[in-house]
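The data blocks that follow each hold one structure.
Presented sequentially are two complexes of chain A, the first with chain B as partner and the second with chain C.
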Partner chain A sequence: MYEQLAKSIGDKVTLTEADFEVCKTFFIPKKIRKKQTLLLEGDVCTYNAFIEKGILRSYTTDEKGQEHIMQFAFEGWWITDLSSFLMGVHSTFTIEAIEDSELLLLTATAREELMDALPVFERYQRLLLQNAYIALQTRVNSALTATAEEKYTKLTISYPDIIARVPQHMIASYLGLTPETLSRVRKQINLRK
Partner chain B sequence: MYEQLAKSIGDKVTLTEADFEVCKTFFIPKKIRKKQTLLLEGDVCTYNAFIEKGILRSYTTDEKGQEHIMQFAFEGWWITDLSSFLMGVHSTFTIEAIEDSELLLLTATAREELMDALPVFERYQRLLLQNAYIALQTRVNSALTATAEEKYTKLTISYPDIIARVPQHMIASYLGLTPETLSRVRKQINLRK
Partner chain C sequence: MENVRTIAVIGAAEKRNFAVLKELSEQYQLLLFDKNQKALSDIHESLLAHNRHGYIEKMDCAVNASWEADIIILSGFCINDAVVVEKIKEVATAKIIIIMENEDEFTSSINNQLSFDLIFPHSKIVEIINISTDKNLEKEFLLEGHNSKALDTVSSIFEGCGFTTYLSQLN
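Moving on to the complex of A and B:
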């Protein structure tokens, strides 16, 4: 159950086996089924979730009832509504499983205690935040400057897992395109192959 | 010259005066004039810049030569091209002064050394990254779901400094609107007052 977490931490910092055993005690394992929600928009987000197995997505719903996907998260990734998790405000996102998933949950208090107990975990968190910020900035930049085709092509290169495992209408929502536009773009790309 | 930095760090963590004196030695003070660039798109970003005085912006230019603004940064804020700064890749953004500005520059090496010398500085960096990530996520969410008027209204509430000190055409670029749309939105809001 903790293989992906060990790998994620080990990729970024050096943690002894004994320290990792300490680290594990701060997490709450949880299984959720496809389409189950971990967080409902408007609730306070209690957990930062690490994904051992499966896929989750976070999304917000606009006034017209249309869903807009903020993030997908796979094995080895973290997902949360960060502002709600850290500041205790109402969440902007719903977090839901796209496949049956196995999670390791960390409360905000456990996270603080873990960073105090193992300073190397604070470094790991800082490095995660750096990567998350860079990924999000790349996404904003792409949303501002790229055409529909460029957006989709970049996604296929950067995150082939999303293309392979996530339904088309969710990919369209993530890219800020209508399903029809995405379908047209995919046909154009296939014609050129 | 270091007042804003002392305030920014002191707002987030506890640092003794002696430690702050050590901290200061890692920074390079620099003044730049309005319209001068700190970083040119395509170059490697050598500095993370803390702003003691002034305003800077980061922007990217698309194939049609149109500028898209990623970020504004005021007194007490940091600005950099994070992926270029941390990974040494070519930058996606140009960083330029909107007003005559006074900066404190930190190289990637100095930043690492400073975090090793003062672990509390690593905590400060982590907290900065958390806030930056939340701000960027709010921006993505707003770009996906908000109307032009909602985007502008949110900006006036969250960042009145941007409205007061930044030219209109740059605000339009930041919001992903044409200057004409922004002008129309502002008229509609004023009519209702």
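Moving on to the complex of A and C:
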């Protein structure tokens, strides 16, 4: 139940087994089903969720009812609405499971308490935020400058699993493309193979 | 109040808690488990008859019910069922566990509180004792526990369902 979390922490910092046992006590294990929401847009985000199994997405909905996907999160990733989680403001995003998923939830209070109890967890969190910021810059840059084909190719190289596990219309939304455009791009790529 | 949407009721076929489950089902998703599947089906049907549009689900596994839930209610047989209690322990970390007792079980409550704190050292235990003077009505409850936030959360849930609660924070 905690294998992915142990790996995620262990990849970035050194934590003893005893410390990891302490670390586990701060997390709420939670199973959610496909299409079940962890957070609804407009609510205050109570949790930062670590994914042990499954996939989640965060998205916002525009005035026309169109969904815009901000993030996918796979096993070993974290997902939250950061400003809502840290500042206690209303969330901009809905977070929903794409598959049946197993999560480890951390409240803002538990996060603070965990960082007090295990300072190495603070370093782990800092490295996560640093990586998230870099990923965000890369995503914005790609959205501004890359062609549809470049965006899709880059995504499939970075996350080969995504094609098999995430519906095409969601991938299109994530890339800022229409489903028709994504379909055309995929056909062009396949023809060249 | 914590973000509570789903409540697992382990030992759901305990008839004395029907009034509570009926009210909870108006506002929360309920995942019901009991070893006695026949009695569980009866309770499930009765709850659905009262609240046709409620999200009330029979579960065949106490662990999965508790794993999906934000809050776990232990009631009836399972309060003293070491096997069930041990099984759900791992998925109950940092969650509120409500031990639902009735007044005739009250004398053992202090021992229960101590033992449940030991069994679930990383959960927040709140004992709920029905103290209504009319035994046929479940309207007034005494809430006992060490964690003040958990007491407040459970009190909010029960008050929100129309019950009266009295809090007793243990040292």
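What we mean here is this: the second predicted complex is superposed on the first by the 193 of 193 C-alpha atoms of A that agree within 3 Å, B and C clash if a C-alpha of one lies under 4 Å from a C-alpha of the other, contacts with A are read in each partner's own complex, and residues count from 1 in each chain.
By definition in this document, a residue touches a chain if its C-beta (ideal position, glycine included) is under 8 Å from a C-beta of that chain, and two chains touch if they have at least 3 such contacts.
Just so it is clear, the structure is predicted and the values come from calculations on it, not from any experiment.
S.K.: What's your read, chain B or chain C touching more residues of chain A?
M.R.: Chain A has more residues touched by B than by the other partner.
S.K.: Have a look at where A:Thr60 lands relative to chain B and chain C in the superposition and call it first, second, both or neither.
M.R.: So A:Thr60 only meets chain B here.
S.K.: If we overlay the two complexes on their shared chain A, which of chain B and chain C does A:Thr181 touch? Say first, second, both or neither.
M.R.: Neither: A:Thr181 stays clear of chain B and chain C.
S.K.: Regarding the shared-chain residue A:Thr156, is it in contact with chain B (first), chain C (second), both, or neither?
M.R.: A:Thr156: touches no partner chain.
S.K.: With the two structures laid over each other on chain A, which partner does A:Thr25 touch: chain B (first), chain C (second), both, or neither?
M.R.: It touches chain C, and chain B stays clear.
S.K.: Do chain B and chain C land on any of the same chain A residues, and which?
M.R.: Touching chain B and chain C on chain A: no residues.
S.K.: Write out the stretch or stretches of chain B touching chain A in their complex.
M.R.: 60, 62, 68, 70, 82-83, 86, 92, 119, 122-123, 125-126, 129-130, 132-134, 136-141, 143-145, 176
S.K.: Along chain C, where are the residues that touch chain A in the complex?
M.R.: Result: residues 2-3, 64, 67-68, 70, 90-91, 93-95, 121-122 of chain C touch chain A.
S.K.: Okay, in this complex, where on chain A does chain C touch?
M.R.: It is residues 1, 24-33, 43, 46-47, 102, 105, 107, 110 of chain A that touch chain C.
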